[in-house]
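Listed next: structures, encoded as structure tokens.
Paired with chain B in one complex and with chain C in the other, chain A is shared by the two complexes that follow.
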Partner chain A sequence: MHETFYDVMRRQGITRRSFLKYCSLAAGALGLSPAFAPQIAEAMETKPRIPVLWLHGLECTCCSESFIRSAHPLAKDVILSMISLDYDDTIMAAAGDQAEAIIEETIKKYDGNFILAVEGNAPLDEDGMYCIIAGKPFVEQLRHVAEHAKAIISWGSCASWGCVQAARPNPTRATPTHKVPNMPDKPIIKVPGCPPISEVMTAVITYMLTFEKMPSLDNQGRPKMFYSQRIHDKCYRRPHFDAGQFVEEFDDEGAKKGYCLYKVGCKGPTTYNACSTVRWNGGLSFPIQAGHPCIGCSEDGFWDKGGFYDRLTDVKGFGIEANADEIGTTAAAIVGGAAAIHAGVSVVKRIAQKGDDA
Partner chain B sequence: MSIVEKHKEEAVYVYQAPIRIWHWVQAFAIFALCITGYLIGSPLPSVGGEAYDYYIMGYIRWIHFVSAYLVIVGFVFRVYWAFVGNVHAKQIFLPPFWQIHWWAEVWHEIKWYAMIVKEPKKYTGHNPLAVITMHIMYVWGTLFMIVTGLALYGEGTGPGTWQHSWFSTWVIPLFGQSQDVHTWHHLGMWVIICFVITHIYVAVREDIMSRQSIISSMISGWRMFKDDRPADDQH
Partner chain C sequence: MATQQTPNGYTLDTGGKRIVVDPVTRIEGHMRCEVNVDENNIIRNAVSTGTMWRGLEVILKGRDPRDAWAFVQRICGVCTGTHALTSVRAVEDALNIDIPENANSIRNIMQLSLQVHDHLVHFYHLHALDWVNPVNALKADPKATSELQQKVSPHHPKSSPGYLRDVQTRIRKFVESGQLGPFKNGYWTNPAYLLPPEADLMAVTHYLEALDFQKEIMTVRTIFGGKDTHPNWLVGGVPCAINMDGDMAAGAPITMERLNYVRGVTQRCIDFCKNVYLPDILAIGGFYKGWLYGGGLSGTSVLAYGDIPDRANDYSAGNLMMPQGAIINGDLSRVHEVDVRDPEQIQEFVPHSWYKYDDDKAGLHPWDGVTEANYVHGPGLIGTKTNIKQLDENGKYSWIKAPRWRGHAMEVGPLARYVVGYAQGHEYWTDQINSVLSTLDVPVDALFSTLGRTAARGMEAVWAAEVQMYFLDKLVANIKNGDSSTANTTSFDPKTWPAEVKGVGFTEAPRGALGHWIRIKDTKIDNYQCVVPTTWNGSPRDNEGNIGAFEASLMNTKMEVPEEPVEILRTLHSFDPCLACSTHVMSEDGEELADVKVR
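And then the complex of A and B:
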């Protein structure tokens, strides 16, 4: 058995006092009351670390980059202590055959008791040849490991929705975890975002370790505690939206005053994520705070929803691209014009008819 | 010049008072919804100053939501009235698609608008083409706007509210994501606007050119006829 979180921490010379502080912080990060801190502490003291296999499909490693910047809890604590990150080809020391052997070893030792974390997704076209891991298509590795996992975490928008490699026209047929055919029936947690917020990632793992169950998920499979509200709902610039104060251009007075970025394409009103509350880099900032509109990176198909700087989405399939209002105005103009012409013809006809009758 | 023949002004009571009230409430609410809805998607030019000085988007959205609830309550009432009201109150909800002669009358009405036939048929209720248009564009169009609208509204009221539980939870994933629902809600508005343009134009034209009163009937409730030959619908 792996040693417990507490054992590892003590071995590293961390005092019990610091350990308990960490537990309180973790409770706070999870949105739990302080009363849960002892429960977290107990879990850390008694439960063996969860083995995690972290697989990488088609991805850019931004999820890993985000993850290692977690401040509450610190990523090093998570990786070195809370979980037993047995395999993660980006940050593991082993390489080649030795690295791949770890997967089989973990499956053998902890069959049905480890967590599979998926970063990126599997391209299905050409039998998965667009992503080869250790000489085999990634999709095969994914199915094989999933077969033996307890639960699957889909890290990021790639694994959750498809993201950039699945953007239209999706040349390699990149497919998110839950849509891969013949996947074993395992619970999947989606943690979307490009990348997801580091604290959200570590909090999901902390929750699963502490309570030995999945966090409560919404009907699209995202943890409710981080994805039940939109950026817009908790945005600190929301009062400017309600007032009608907008940035019209990036170098105008409104931009300097920190007005709402809605008119320069902010997707905050349609994006479910915790950026406006948890923020990034240890709570330092988030895109809107830096003066840039939200691009909606945690939403399904956000690459295909028109320009990042347009509020209204272009609708494809009309030969030309136009947003709903442009299409609508054209339709209304046609209908209105047709009515006007029809009225004119009706009048002419009526006059002619009366002429005939007379 | 031809002179309108002398005829009996036999009137039939078609639109009951609740229907008339409903019609005009809908008309004003839809007008307000289109204006405010457009401004929510493409807001007015920015104002300066401090956030506490203004509440422009707030009021625009408030008018949108109040009008939306009027439409919703009105729609629910209208469905109820289709059951308890007179025979005309049922018309727009149940076009007789299964009757062949009804389709023949639709065709006749199309020919009347194409100015191929010289005289329209005479109807106490709606003409068949009007019934189809109202059924598809108004009944289904409004239902579409109510469902997508409540789904978008539920995003703001949040999980646990009835709008979110009954609408947002399934409508948002059905269309893909929230942004898609917004786009479809916009397109829906333009369908309604096209309907309104057609509806008003045709009502005016029919009032002048058809064989029965149209606009005044939605105010008084009574249908007047310009000749005393029998009506072509069975009512």
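And then the complex of A and C:
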């Protein structure tokens, strides 16, 4: 039997009345309406905090860094009160044998009932030894833990798509979670972005804990609640696109006036992410607001889709209501030179996939 | 057993008991450490290994140099932005692009905010658990903790007994839930932990406060770069145009409201670093000042490239607010000039790295760097190539190369910078050092230690926050003088570029000296090489047998319980290792390298 949070509180002499009050305060602290208090109470009365094993492959740790920047809820509250982050080599106290023992303990105690969070990806060449954990290939650790997990979260573009180390020529054959050979068949939630938005990461976790289910995913495996619209669809500079007002070069008059960045390479029209709605770092800003074109960092293979300052072209008319599933296979091209653009037309473009995942 | 004398002054003894720590946790990336301890549990041999490799520089070949900053920024998401800054400087150097003064101020604000963030998160969230025991904090008296807090940090408002009791209660509930999360399997009964319960409770409280506060520090970069982690940069300046009160200023990237936001955050950074971070180091340091292991190369061989140009486009030592120079053989009376372009000064070696050169004994300057992976072990390997039990350090044993400055293994980072600054008489830093030494009542030699490295980082965070405010004031003054320029786009179009050029960019990343060397041919990247701080500090041995900074710092440290690597972690963490940075590669021919990999 696992001791629940409620058991602990009762043992501390806290009354049920105080406990329920705590739950409604907790709902407020988490940015939820009081209506969620009974659900929180129920969860705390019956369940231990769900264990999370957060593994790191080839990566840069930008996803972890993004995670700790979450404004609501605070990373502190996620770690202390919502999940049990039992393994995460970036912050865990234990090292070496004592760290690796935790994986086996968790598997034994919570087999099939913990979440595997993956940051980074596994290199397959050199028998996997381009990423070594405890003397062995990371890919072995990944498969082993996945075998016993309830579900997998692929944090960021590395785990979701491959990201920078998988850009051509992918020297280590870095491979995203869902494409690892002999990977156990477990549900995978992709939360792409380099990194994903902090509050998107914590919202995916809180959604799963609160509603006790996986978020709805699009056909690429991304939560629809954050990845169902293009940045362009809800960009605050969209009226300038429609009006044909563009930044022609950096720091020109258009740049000072906040005109559309399409002509200096903005990938907002082809990028599915929540940057223009949730925004970054507590809703403070996002790349376009700070004057730089979107580089499309949440899209599969974005490193190999042409230069970041090259303009999207060959745009076809799609309504903003079109979601990623409906237009996901539309091919388009990218060129660096001048191109005709059609102001007033909702544009979208799906850049041709290179398809070289090897 | 076999003993071996290194040219840089260490006696290695591979007898005794071999201890393996893999993974080394609370670092960026992946690393392994092996040590031999004698019958008194004193470390007599140390082996540090980078255990990851991504090949980013191979990936850069043939790309648009204006895009390089985004690729190399993904070398590291912890020191996010510093590689990007180094990259745009390298490209601007190659193409002779001058940036506007405002761009220089904004870049410095972004770089300094990284120093503040990185140092603070490192201390509280990666390093503190080497000194602080959260379980012991449960025994603390909140009232006594409040008194301690008010004594060491009188200007920090969160110090009431009730507040500290609430934090303690939350920690108690957490511990009693039986689900210890990140604190699970820690070394909480190890006698290496020396703090009284009240100091532990104070530090744990600040661990949580710092976790809340750190997210604010980087909002400065969200203002100027649009997001963080990984903000946006631009060759020729910065992407954020300034429009204070012109037409359509509403919604412009930089406005009065945005600058006010930056000012508020910057002031809170100064307050937190001065009133919480540095006082905590002094308080904790007071209990550990008898534990002065871990000096390694810091008293003998240190290197700093310098950074934070006061005026734009002048990267000479006299214009850099972080000092530049090299000290060798422990002679602080002589600071050597450093030239990152000189092929004789900086060279990388691979005799003990999993790479091969045509001549494995050669040293190559980064502009001529070659790397080809060569994952082989020496005959003394115990285990197999895919199940390593014990490495053979006489053979190849790391994905990190061995960079040397005029043949010397060097330490880089905050302590190296402060030692160079101290030797040069950097006024602000010297005052800080003297103040810390007198508060702790220790001699100057105490600086050359694990604790000294940790203290240098805290001092530097205070300095960086204050200089961040200096550049904000400078930015505002320049705008007031009528200059709102943020980018020079005259050479942005590749058609304007020469057929073949090369350049170098350097910075002081939070972890130390960072350089990028680029060759551009026919508007594309022909060659890109990074030599990063953890390559210097985590370097394996070289041809002569010199050991690097990590290995040197572990030597002769006494372990309380050899099976519990508290002391190893404490000293390695004091460098703030970044393994994703250090394990890189370059080849003259990316295709050939790819062929080597695909077997």
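Note that in this section the second predicted complex is superposed on the first by the 264 of 358 C-alpha atoms of A that agree within 3 Å, B and C clash if a C-alpha of one lies under 4 Å from a C-alpha of the other, contacts with A are read in each partner's own complex, and residues count from 1 in each chain.
Methods note: contacts are C-beta pairs under 8 Å (C-beta built on N, C-alpha and C of every residue); 3 or more make two chains touch, one makes a residue touch a chain.
These figures come from a predicted structure and were not determined experimentally.
Q: For A:F246, using the defined touch cut-off, is the partner it touches chain B, chain C, both, or neither? Pick first, second, both or neither.
A: Touch partner of A:F246: chain B, not chain C.
Q: Just checking: does A:E299 make contact with chain B only, chain C only, both, or neither of them? Give me first, second, both or neither.
A: Only chain B; A:E299 stays clear of chain C.
Q: Is A:F286 contacted by the first partner chain B, the second partner chain C, both or neither?
A: Once the two structures are laid over each other on A, A:F286 reaches chain C alone.
Q: Tell me the contact category for A:F19 with respect to chain B and chain C: first, second, both or neither.
A: In the superposition, A:F19 contacts neither chain B nor chain C.
Q: Going by the contact rule set out at the top, does A:T172 touch chain B (first), chain C (second), both, or neither?
A: The answer is second: A:T172 touches chain C but not chain B.
Q: After the superposition on A, what does A:N219 contact: first (chain B), second (chain C), both or neither?
A: first
Q: Tell me the contact category for A:G135 with respect to chain B and chain C: first, second, both or neither.
A: second
Q: Kindly classify A:D233 by the partners it touches after superposition: chain B alone (first), chain C alone (second), both, or neither?
A: In the superposed model, A:D233 contacts chain B only, not chain C.
Q: In the superposed arrangement, does A:K263 touch chain B (first), chain C (second), both or neither?
A: Touch status of A:K263: first partner only.
Q: Which residues would you name on chain A as touching chain B in one complex and chain C in the other?
A: 358
Q: In the complex, go through chain A and note every residue touching chain C.
A: 2-3, 5, 8-9, 11-12, 48-49, 51, 56, 58-66, 68-71, 74-76, 79-80, 83-86, 88-102, 123, 125-138, 163-165, 167-174, 194-195, 197-198, 236-237, 249-252, 255-258, 275, 280-282, 284-292, 295, 297, 303, 307-309, 358
Q: In the complex of these two chains, what residues of chain C are touching chain A?
A: It is residues 20-30, 32, 51-56, 58-59, 63-64, 66-67, 70-71, 74-78, 80, 121, 125-126, 129, 170, 173-174, 176-187, 208, 211-212, 214-215, 218-219, 222-232, 234, 236-237, 239-243, 246-253, 261, 373, 375, 383, 385-389, 399, 484-487, 489, 492, 563-565, 569, 580, 585, 590-591, 593-594, 597-599 of chain C that touch chain A.
Q: Across the complex, what residues on chain A touch chain B?
A: 218-220, 224, 228-230, 233, 239-248, 253-254, 259, 262-263, 267, 269-272, 296, 299-302, 305, 311-313, 315, 323-325, 327-329, 331-332, 335-336, 339, 342-343, 345-346, 349-350, 353-354, 357-358
Q: Quick check: in the complex, which residue numbers of chain B touch chain A?
A: Residues in contact with chain A: 1-2, 38, 41-49, 51-58, 60, 113, 115, 118, 155-156, 158-159, 169-170, 173, 176-180, 182-184, 186-187, 189-190, 193-194, 197-198, 201, 205, 209.
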